[in-house]
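Just so it is clear, A, B, C and D label the chains in written order, and each chain counts residues from 1 on its own.
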Amino acid sequence: MAIIIDENTNVIVQGATGNQGRFHTRQMLAYGTRVVAGTSPGKGGQEVEGVRIYDTVAAAMEDHRVDASCIFIPAPYARDAAFEAIEAGIKVVVIITEHIPVHDEMDIINFARQKGATVIGPNTFGIVSSGKCKIGIPSNQFFVPGPVGVVARSGTLTYEIVANLTAGGIGQTTVVGLGGDRVVGLSFVDVLQRFEKDPETKAVVLVGEIGGNQEEEASLFIKKMSKPVVAYIAGKSAPPGKRMGHAGAIIERGKGTYEGKVRALKEAGASVAALPFEVPELIRELIG
Amino acid sequence: MAIIIDENTNVIVQGATGNQGRFHTRQMLAYGTRVVAGTSPGKGGQEVEGVRIYDTVAAAMEDHRVDASCIFIPAPYARDAAFEAIEAGIKVVVIITEHIPVHDEMDIINFARQKGATVIGPNTFGIVSSGKCKIGIPSNQFFVPGPVGVVARSGTLTYEIVANLTAGGIGQTTVVGLGGDRVVGLSFVDVLQRFEKDPETKAVVLVGEIGGNQEEEASLFIKKMSKPVVAYIAGKSAPPGKRMGHAGAIIERGKGTYEGKVRALKEAGASVAALPFEVPELIRELIG
Amino acid sequence: MKLFEYMGKELFSGYGITVPRGRMASTPGEAAAVAAEIGGEVVVKSQILSGKRGKGGGILFAASPAEAEDAAAKILGSTVQGLKVESVLVEEKIKIDRELYLAITVDGSARKPVLIASASGGMDIEDVPDEDIVKYHIDTFVGLQPYAAREITRRLGLTGPPAGEMNRLLPLLYRIFREKDAELVEINPLVVSGDKLIAADAKVTIDDEALYRQKGLPHVEERTEAEQKAHALGLSYVQLEGNIAVMANGAGITMGTLDTLQHFGGRPANFLDAGGGTGTEATAKALEILLETNPRVILINIFGGITRCDDVANALVKVKNEIGIPVPVVIRLVGTNEETGVRILRENGFEAYRMMREAAAKAVEIANSGN
Amino acid sequence: MKLFEYMGKELFSGYGITVPRGRMASTPGEAAAVAAEIGGEVVVKSQILSGKRGKGGGILFAASPAEAEDAAAKILGSTVQGLKVESVLVEEKIKIDRELYLAITVDGSARKPVLIASASGGMDIEDVPDEDIVKYHIDTFVGLQPYAAREITRRLGLTGPPAGEMNRLLPLLYRIFREKDAELVEINPLVVSGDKLIAADAKVTIDDEALYRQKGLPHVEERTEAEQKAHALGLSYVQLEGNIAVMANGAGITMGTLDTLQHFGGRPANFLDAGGGTGTEATAKALEILLETNPRVILINIFGGITRCDDVANALVKVKNEIGIPVPVVIRLVGTNEETGVRILRENGFEAYRMMREAAAKAVEIANSGN
């Protein structure tokens, strides 16, 4: 089992003929992802890494069943690409693109809700159901099957933690990157609910950061969870009012602080790691 | 039983302080309709016919459970009034107003679909569940309980037919006015489906007219109905390309003709009256 | 409200849609001057509110200003598709590589705008087989987005520069449709001319109900004089060709009355829906409009709900007393305040029927009695 | 990008929102001239990108042009809330009957715009109790419609002409929010002055990511010089106050690195997210930015995924050879092409750590060794 995507997920890559799209199409195929098609307006009929390119998503879907899309379209056109995928009926839309205007992000998620699609990102590394399907950009070698679900707002920090878990012999069911922007499709709660229901997931790692109130909202759900949660929150040392790389990572008007998040998580019964590399030890304590 | 509305339906009147709103609030109350509130911006706190007026729909809903709204707001503001009712969560919105721009009508119905609301009209006489609830403008005396469901695109023609039925001792379950515009909330099919399921309705009268293809679509459903349908289609003598009063009553590019509709209905097994006053005789033949 | 071709093209041009170079002319001399200004071959197109002008001789080609003058002389003042031509549009003749069809209209069944496109342009879309037509419904909250444009373009089989032009054009056409409260915007043919797409024709219909908020548009009056008078009173009136003038209250019952008359062998002179709750004054004015058409007989069919029978009776008496009614009037009057209405009529020499059937039969009998 | 108050007010005014009459001044003399032009009492407001100017002495009242000159002389060049004042806005003093609060911002949790309003204006909205705050979420496809405006106005308890003004103002403010890609539009206080509503302040923040399509707006540069340089390279840089320069790849891991340093008793000099897949050239430039801040030590923490370890190593060597690196560099380098990267470093005299913990501890040790 895994959440959101698995070995049967058929994936298309929007923007497959660009540098990033091409590179990650190859990487995803190497991981075993069923990349069934790519899209690139005006380039229909070409191939990338043996994958057929179509002019539009609808054209790709005339030839293939498509369950998920991975979007590498530049920010100014990403809203349109996401709308295209959603309207075509794709149910999982992973938007890797960063620097998308927040008003476009609100529109994308509004449309996705109307059509019943799940949006992962924008500004995410993607999602990996270990050993089954990778949609996104993390290096393949980090992710091996195992009992831990991981959900995070940031990329490299997650790779660090996942690599440490893997090095310590602890694999992952699914690793989900929510995305670093202020407005993203999935919240911690959305993902925790799925991990709670997933029989293979025995414990969850939550990698949060300052800004917003997602972690606080997650705490309310963690209280009710049967599975243990280990959390790490980045940004303890960040000054207020400054964006720490991510559009969402900012303490504004006293809200979204490290202390508030850690307090909420601890009250909810989560184990909170003070430093990122402590996560595997805490997981090991919990699930042996 | 009745369809869409019944004796438990709580109704508000939007635009209750205008001439029409005031008059029909009184008439509806006289029919027995549970008019629980009215709205009129800036007139909150007044009363009309003993009914409390509120500034907004949301304000009315703080004090009352509201199931349906009856809108008498002038055409330029009707879109806004309908949106207000739909967003407030009212599930049956009856729009009496005529002359609403068609783009506004498309917007209203789009929004209603998103929110799961049923729109009756615009440009309708309303809906009457005989002896239980009247939302709209027909005179009270025509409508008595009985076994026939009536669905129509036009008003006075329906009163004529209903009065003839009543005079002939045949009462009605529910009488629904779809509205005379090209874009309205309910179609014949929508209402026929409800009549087919309603145990008290034994036969249905469909009052159509030239223009559009609603009657043709209805025919496909009538084929599958267990209950007999008597239809009358107005506009046999209408020339092509001319709007016969209703925005929707126009034969365009050879489509929406009387002949086409009658043929479809007959093929579907409906009895088609050549003249409006023949309807009661046909109904009596069918349900004795 | 339908716009003339040249108005539609001005609208298109203002939104960045390419149209042929051209100008209006209302005399043959002006047509020659426009042709000289454009240079080369031109098209002289009658400006009437009807399609199929080509078959009716309403579109002529000219290779020189002198030919353009001749063509305009032929067309101006002539009757095309039953309509008199008062002006012509003189345009450059464009190179046609391919003709497409493109329209956005209201789909009453879907309750949404629908875009209809076809690679088979230049003919009536009704004559194009369904499989050659691309239909795309548009969510009014989302609009016609670039991705939808690309998909439509793909389904039309366009590639290269014309595809790019089509991607640019489609959202513009939808903007016109929405921003101008159009019921129909149609380009037929939309011409592929080298790398360009050119709107060789323009058919635009604006929703009459939205004209109050469309102040920037030109006014086009399609109604007859009588229809205009009725419209000014807030009534629906359509002129027909028979001799029985008809007034009823409600669009459906008015149609039903006409149908009944025809069924009995009569010929209605008009459709007049006096609406619901129309008072004495307006009803009297409506009767005057009917009298002006010189009918053989007038049939009034009132099923009073909001409309009060006494108001209708009083209106009739008022017209009789003030201007006289030189033809027979057959009245069917039932409903609200029926007794008072019928009494007023009787006192003033009118007979009232209770049944529509009888009233209609009587009106037909009178109308046909002199034949 | 934050706008100065006067810019926000110009924006508001262009949309039809009433603001006090006033103009900018950058000298006391100009302030006096503006005050004379306005007539009567004025207010002299420092233009800095911070709230709470009143408490910091950044807002003064003046009853005459002479007083306005004095007030401007006091404020101009002074430091308010840590920011130097370079210009003032001189405005008419408006009659205040009541102060309201009004803002539209992005609700990340709801993923929708949220309008926040309160009848308790003039103070920080954080200090207003929840029950006195009206919140209204807006569907971006539907917009802020008149009915919503009426409901918000009602919940604020406004009646009479100010209620009408509020109904007019709310959709305008939402249009600004959407059309200008704003993250925040805030009016605090929104002043009820007789029948009018006047925006006595204006706080507007534009989404940096959308600036490419907001060409009509003035440019406001909030970044330090180093932050600007990093931004030009496409990197995220925030200046801090410590002595350990930090570079890592990824926002989260960079924050985690700072947290780890602080945990071990160190003080980071900056946040620098070198991103993923940044090549040798850009990485070298980023290192140069770090050197310019004169740190005690540089900590590089690379967990290579898309970022290649050899690229990072080569960048370090390039900077060392071209401009020299006068401070110790502690490097943690793992991931893609790790072996090549580590070999390059060793050959050039750098030591590489495998564990973040160890590298951070080492950097802190070096930074604190001179204390």
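Here, a residue touches a chain if its C-beta (ideal position, glycine included) is under 8 Å from a C-beta of that chain, and two chains touch if they have at least 3 such contacts.
The structure displayed is predicted, hence computed values, not measured ones.
*Asks:* Count of steps on the shortest touching-chain route from chain B to chain C?
*Replies:* When the steps are counted carefully, the minimum from chain B to chain C is 1.
*Asks:* Could you tell me which chains are in contact with chain A and with chain B alike?
*Replies:* Under the touch definition, chain A and chain B have C, D as mutual neighbours.
*Asks:* Considering A-D alongside B-D, which chain pair is linked by more C-beta pairs in contact?
*Replies:* So, comparing the two chain pairs, more contacts are at A-D.
*Asks:* In whole angstrom, how far does the Cα centroid of chain A sit from the Cα centroid of chain C?
*Replies:* About 55 Å separates the centre of chain A from that of chain C.
*Asks:* Round to the nearest whole Å and give the separation of the Cα centres of chain A and chain D.
*Replies:* Inter-chain centre distance comes to 27 Å.
*Asks:* If a residue has to touch 2 or more other chains to count, which residues of chain A qualify?
*Replies:* 111
*Asks:* Going through chain D residue by residue, note those that touch at least 2 other chains and give them in order.
*Replies:* 141-142
*Asks:* Assign the assembly's chain-to-chain touch graph to one of these shapes: line, ring, star, complete, other.
*Replies:* Drawn as a graph, the chains match no named shape, so other.
*Asks:* Would you mind giving me the full set of chain pairs in touch?
*Replies:* Those chain pairs which touch are A-C, A-D, B-C, B-D, C-D.
*Asks:* Could you list, by residue number, the parts of chain B that touch chain D in their complex?
*Replies:* On the chain B side, the touching residues are 41-42, 44, 55-59, 77, 80-81, 83-84, 87, 111.
*Asks:* Hey, which residues of chain D end up touching chain A in the complex?
*Replies:* For this pair, the touching residues of chain D are 106, 108-109, 111-113, 124, 126, 139-141, 178, 181, 183, 207, 209-210, 212-213, 236, 238, 240, 248-256, 258-263, 268, 271, 273, 276, 303-306, 334-336, 355-357.
*Asks:* Enumerate the contact residues on chain C facing chain D in the complex.
*Replies:* Going by the criterion above, the answer is residues 141-142.
*Asks:* Which stretch or stretches of chain D touch chain B in the complex?
*Replies:* 142, 145-148, 150-151, 154, 163
*Asks:* Under the touch definition given earlier, write down the residues of chain A that touch chain D in their complex.
*Replies:* 75-76, 99-107, 109-111, 137-139, 142, 152-160, 163, 180, 182-185, 187, 207, 209-210, 212-214, 217, 232, 234-239, 242-249, 253-254, 274-277
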